[in-house]
Amino acid sequence: MGLAGTEFYPPAERRLRLGIVGGGRGALVGQWHWSGARLSNRWDLVAGALSSDPETARSSGRDWMLAEDRIYDDWREMARAEAARPDGIEAVAICTPNWSHRMIAEAFMDVGIDIICDKPMTLSREDCLALEQRQRETGVVFAVTHPYPYHPMARQAQEMIRAGAIGTVRQAQVEYAQDWATGPDDPNSKSLAWRRDPARIGRASATGDIGSHAFQMLEFVTGQTVTHLRADFHVCGAPKAMEDTAFLNLRLANGAPAAMWITQAAPGNYCALRFRIYGDKGGLQWDQEFPETLRYTPLNAPEQIIVRGHGAGVVPAAERMVLLPRGHGESLSDAWGSLYREIAIAVAARRKGEAVPEGLLNLPDIHTGSRGVRFINSAADSHEAGGSWVPLS
Amino acid sequence: MGLAGTEFYPPAERRLRLGIVGGGRGALVGQWHWSGARLSNRWDLVAGALSSDPETARSSGRDWMLAEDRIYDDWREMARAEAARPDGIEAVAICTPNWSHRMIAEAFMDVGIDIICDKPMTLSREDCLALEQRQRETGVVFAVTHPYPYHPMARQAQEMIRAGAIGTVRQAQVEYAQDWATGPDDPNSKSLAWRRDPARIGRASATGDIGSHAFQMLEFVTGQTVTHLRADFHVCGAPKAMEDTAFLNLRLANGAPAAMWITQAAPGNYCALRFRIYGDKGGLQWDQEFPETLRYTPLNAPEQIIVRGHGAGVVPAAERMVLLPRGHGESLSDAWGSLYREIAIAVAARRKGEAVPEGLLNLPDIHTGSRGVRFINSAADSHEAGGSWVPLS
Amino acid sequence: MGLAGTEFYPPAERRLRLGIVGGGRGALVGQWHWSGARLSNRWDLVAGALSSDPETARSSGRDWMLAEDRIYDDWREMARAEAARPDGIEAVAICTPNWSHRMIAEAFMDVGIDIICDKPMTLSREDCLALEQRQRETGVVFAVTHPYPYHPMARQAQEMIRAGAIGTVRQAQVEYAQDWATGPDDPNSKSLAWRRDPARIGRASATGDIGSHAFQMLEFVTGQTVTHLRADFHVCGAPKAMEDTAFLNLRLANGAPAAMWITQAAPGNYCALRFRIYGDKGGLQWDQEFPETLRYTPLNAPEQIIVRGHGAGVVPAAERMVLLPRGHGESLSDAWGSLYREIAIAVAARRKGEAVPEGLLNLPDIHTGSRGVRFINSAADSHEAGGSWVPLS
Amino acid sequence: MGLAGTEFYPPAERRLRLGIVGGGRGALVGQWHWSGARLSNRWDLVAGALSSDPETARSSGRDWMLAEDRIYDDWREMARAEAARPDGIEAVAICTPNWSHRMIAEAFMDVGIDIICDKPMTLSREDCLALEQRQRETGVVFAVTHPYPYHPMARQAQEMIRAGAIGTVRQAQVEYAQDWATGPDDPNSKSLAWRRDPARIGRASATGDIGSHAFQMLEFVTGQTVTHLRADFHVCGAPKAMEDTAFLNLRLANGAPAAMWITQAAPGNYCALRFRIYGDKGGLQWDQEFPETLRYTPLNAPEQIIVRGHGAGVVPAAERMVLLPRGHGESLSDAWGSLYREIAIAVAARRKGEAVPEGLLNLPDIHTGSRGVRFINSAADSHEAGGSWVPLS
């Protein structure tokens, strides 16, 4: 082996040029994008409009060692200037507050730059439709950053369910629990300010921020769409303007029930995206805080622990994301690396007018993004209707 | 130390005489009662009507080495005969199918014999009221067999919450998951036959059988009563006449939300009674499959693992139930032993006309039993009303 | 199912009569014997010389509700009197300090009473030979109380190795770690006083006390005898007259190396008897603090977790010891119950002049006890020789 | 936060230029260096002599997108050419088989290029002395790649011991267990060919390969040097020319005993570098396969689980290496990133003639490398002397 994945992935001929909007100093998510891009070895970060505050934009650009003339104060200017350069960016990562995703994505799509957009993709269903329309018109690659399915053992779960390892999916428990919102918000946090403002984050806070990941994982792993849901929003941590906790019930397309728990106010949970999926022949259980192992419980047989690595029960779809030998732990940085690798393959293919190799690519795309926006808005619909069942629409 | 608990519990002057109705060959629960009584060293099992089938009653009585003249075919005869003997039983354990609890309990109460009754105590709310009335009239001890709070670390959780270790309870996740009903029922099982028949088990199957334990644990540990709930019943395992799975939402008296998951069709869950309780200052987490440890997660401080044993953070109310040194594992047999020890103290006190020593006794009693029956019937009410919120009444 | 194990074990016709020497107030081990005997439902404890201190003997006898005339001050008197009674004890449990085991066992063997002896069986190899000689002459049952192999999952490991699940045993790591001797000894503890006195405990303290269990488990599980060892004794806790820690290397009969760690001064270890056995086809790992699960790691295949219960990979030899359904935890009390059940079967068979049913009985016997004494003395030989290799003799 | 660690580490003014010798296709270790360098964002990999086979060197260089004129067939040529370029490399990572480290390091030191050398640093003690001499003469930075101490929770353990959290270190158990050598070696593996040849790997195989990490971790965490050891080498997996397993005993400078187990033939162990350190006031336990948590067991107090992240008991020396919030897992890639970040700080400081900021740097250096070589050779001395105690010299 040389670079991980060279057995499975088409080799890169060169690194692609990446720009970023948002994600500067004070914003955690920028670092994810940056380290994923770096680890994939398929991108060079060359331009950025890293903050709406010019001074932060500049200091953040220097943190990342961008050339001075490619540190922008304004993303509109960045779209224009980069599109004009012969060595302009080929894709842009959009890491800004939710409300601004649509307009930024449109600006870059319009100049033919591929999109890597944070979730939730937009605030409203209408914004989704508009973006989907524009993507069809421009034909750009449009990825939405759900990194968790890039943990090899999450992929393993998806493939095992697809192959019938647990029989028919009959019920599911999914949760994403954190604890950072248990105490009072830091009044100086810009990042929290917009997260408590419906005009900027949308109709839900925790449910959009992390619930969208739990929802995407549920549909991803089970291979079932959610058709109906009901939701109750709560504030379980210190008083705040929007929910920090949601209890949901969901119905899958095949009729199976599921429960979902979303909270940012449960002390001792850090980044606890967990699923437990049960069929008539077995169960599968995974926890993002311990991402290297998948617990498989076939009915009437010994439990199995499947450990990320080559062989020993790991299926090819998961194995192709395995970078390091079993036990040399991989984690969220590596998952972001795998996500950015697959995005690079898609972007490179489009630029050469080629198709992405079959079976190699399963990107969370604009459709995935749209499902997430619909989930959040349907949850808000249900909550506002007293927690009654609503279709996911 | 000599016998465990001699430091805390009043010594026994003699072993009490115990009878049992039901619980013979083919019924698991009888063994719990028997081993709890034996382990407590405060009871001799001397009489039984162990089955409605005379032959099984007799062979079961011989299994347990009862004297021939105290193996009864009929519990009515047993109540009469034992009441008449100078060495008659002082308490009776009722281990029969749910529908028969009321009439059996009444028969023994009427002859002054103390009651140890399986849960759910009765089918209907009306039966509860009748039993409560009769208990008040007769003044007997009436215990309901919830053994799980007799795991020392469950008691520890209760005491820590009472003392403010997690602040105000703000939300809870409780579940009791098993997997034995995933596949088809054994058509020859008498134990399953009545569990699928509303006339004998009541309006719910899994929800009554194990949900009542989860409910009792939730109220026990949080110190909060449940005021409202909603429930959806499902069949997630092989087809059967009653639910094997329920998804519930609950509201505690202080307004905190809780979710409850009850299933007997989730492969890889065996006897998984688990709670996670979160307050504004910390969380507590426990799993009956690993009963020796309690995970305590104070906000902004290292996690703690509190291990059953003497000292090292174990509070007196839990420590008094500790039989074996830390690491010399205790388990469900020991919990039944502790339950039977406390019942013996109550029965002995009543027979001597004395009060039970303050602070030593916290028995699940007829009120606990009644709460459980109301929980089951309210869940059935909600389910039948399409999963809408109902008061727990 | 009625009583656990009725499918596998021959039924008891009556309970046997048990006496006990030592084990009264202040001695933990008495409680193990008592609860094991009670849980097995095959014994009544009817007589005891529970302490060398007459007052403690009497109060302890009352704790256990012995008849006044069967509470003895002196074990010699007890042997004489019980042998003379028509309802005299049929077996005696010897729970006294190590140095006294031989003389007490001889006195009871000489009057035809079966022996249940704590480990280490004697101080010296010579004492072993003498006891073995007397046992052959008297033909009594002679059990040595190693309860840990009566955890079903330890038995499962033995059977899996025997059946080739890990191939040829190639190396092993065994340890028994506790922490109670980290701080200074309680100067008022009688139990500690003799444990620090070579005249009463023998040539080793921790190595004899818990090391003998680790050694027995190693030979039991691997099916290999230890042929050579080397040992270094250390005091790692507070200063004391004898070792609280030993580091050993061992060689198995097939040439495989093993390491053993024995300590009572490692904070955070409570009763941590653990083994990890590796062959050329897989590994097995077990921890007494979590006795319900056995980790099986076949080479180049997913890890398996085998959970105590019926079916799902549990072999018959382990299944026959399963009392409670999977997940309804069993623990050390239950293991003692299973040990006492098998002893009862052996004692009952001898008294009826019958053979113990083939395959049902695998008692730790006088030979097991002798191996343990040889282990301790060989370890002391090695330590005194500067940690050089010595044969286990 | 912008880039992780900007609060603690001096900012980089530019990325440094890195070359690499060895580590091309077929060699895992190259990937570690590369991803560590990329993740740190302080290095650009610009030149390499990636294999002794010219074709592999070229294809590997293209994998990593090196400029054609900086893909070298020969490291001597690379040292000469890079030293001559104005934009030549500032440091070189040496990832070749052990026997060649010395000559390569000398060649680059002699032209003033800083060294990042794999462990074991050299085969013999004499080679160490020679390298140490040359390093003193040239004054270059000389780092040895021990990444495991860059797991924040390993650092946490070091700091807690230093601060007295467990009192005086009294004993230790350290192990590094893998299973890849259980079955027969792949006869086509170049990587295995040299690992079975003493002329190229030195006097020990597994003991040098992974034992050197366990040894370094033991001295790192305890703050104690090892003064004496004894070692037995074994082949526990398929037959091979050198040991795949070693059992060692060690003595720390303060007299405390330690045991070490090194194996590459224990199925179910993948990259299991684990330590358990016990003092008179508590214990600390860590496992590289679950690197995010440190178990702390203060004597007579609840166990603590310290989880990587900000606050909640994490000390500053560990916190400065924390890149991601608690629960957003970090792993071995991130540890290599932190190692490469600190190397960059040292290299940048030397090039500016500045001192490395106090307290920020604790690099495994040429002295660390030398300790490792001495450990391996002393272990071989002991093994060849029949496992007797030898000084670590």
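First chain written, first letter: the chains are A, B, C and D, and each begins at residue 1.
As a working rule, contacts are C-beta pairs under 8 Å (C-beta built on N, C-alpha and C of every residue); 3 or more make two chains touch, one makes a residue touch a chain.
Since the model is a prediction, treat every value here as computed from it, not as a measurement.
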Chain whose average C-alpha position is farthest from chain D's own: B
Contact-richer chain pair [A-B vs B-C]: B-C
For chain A paired with chain C, centre-to-centre distance based on mean C-alpha positions, whole Å: 55
Length of the line joining the C-alpha centres of chain A and chain B, rounded to whole Å: 44
Chain B and chain C, separation of their C-alpha mean positions in angstrom: 34
Multi-chain contact residues (two or more partners), chain D: 269, 300, 303, 307
Residue ranges of chain B touching chain A (in the complex, touch as defined): 166, 170-171, 173, 179, 182-183, 232, 234, 236-238, 245, 247, 249, 256-257, 259, 261, 263, 265-269, 276, 278-283, 285, 295, 297-300, 303, 387, 389
Interfacial residue positions of chain D with respect to chain A in the complex: 1-4, 6, 11-12, 14-15, 24-28, 30-31, 34-35, 38-39, 41, 59-60, 63-65, 178, 180, 269-272, 288-292, 307, 309, 323-334, 337
Residues of chain C that touch chain A when the two form their complex: 296, 300-307, 311-313
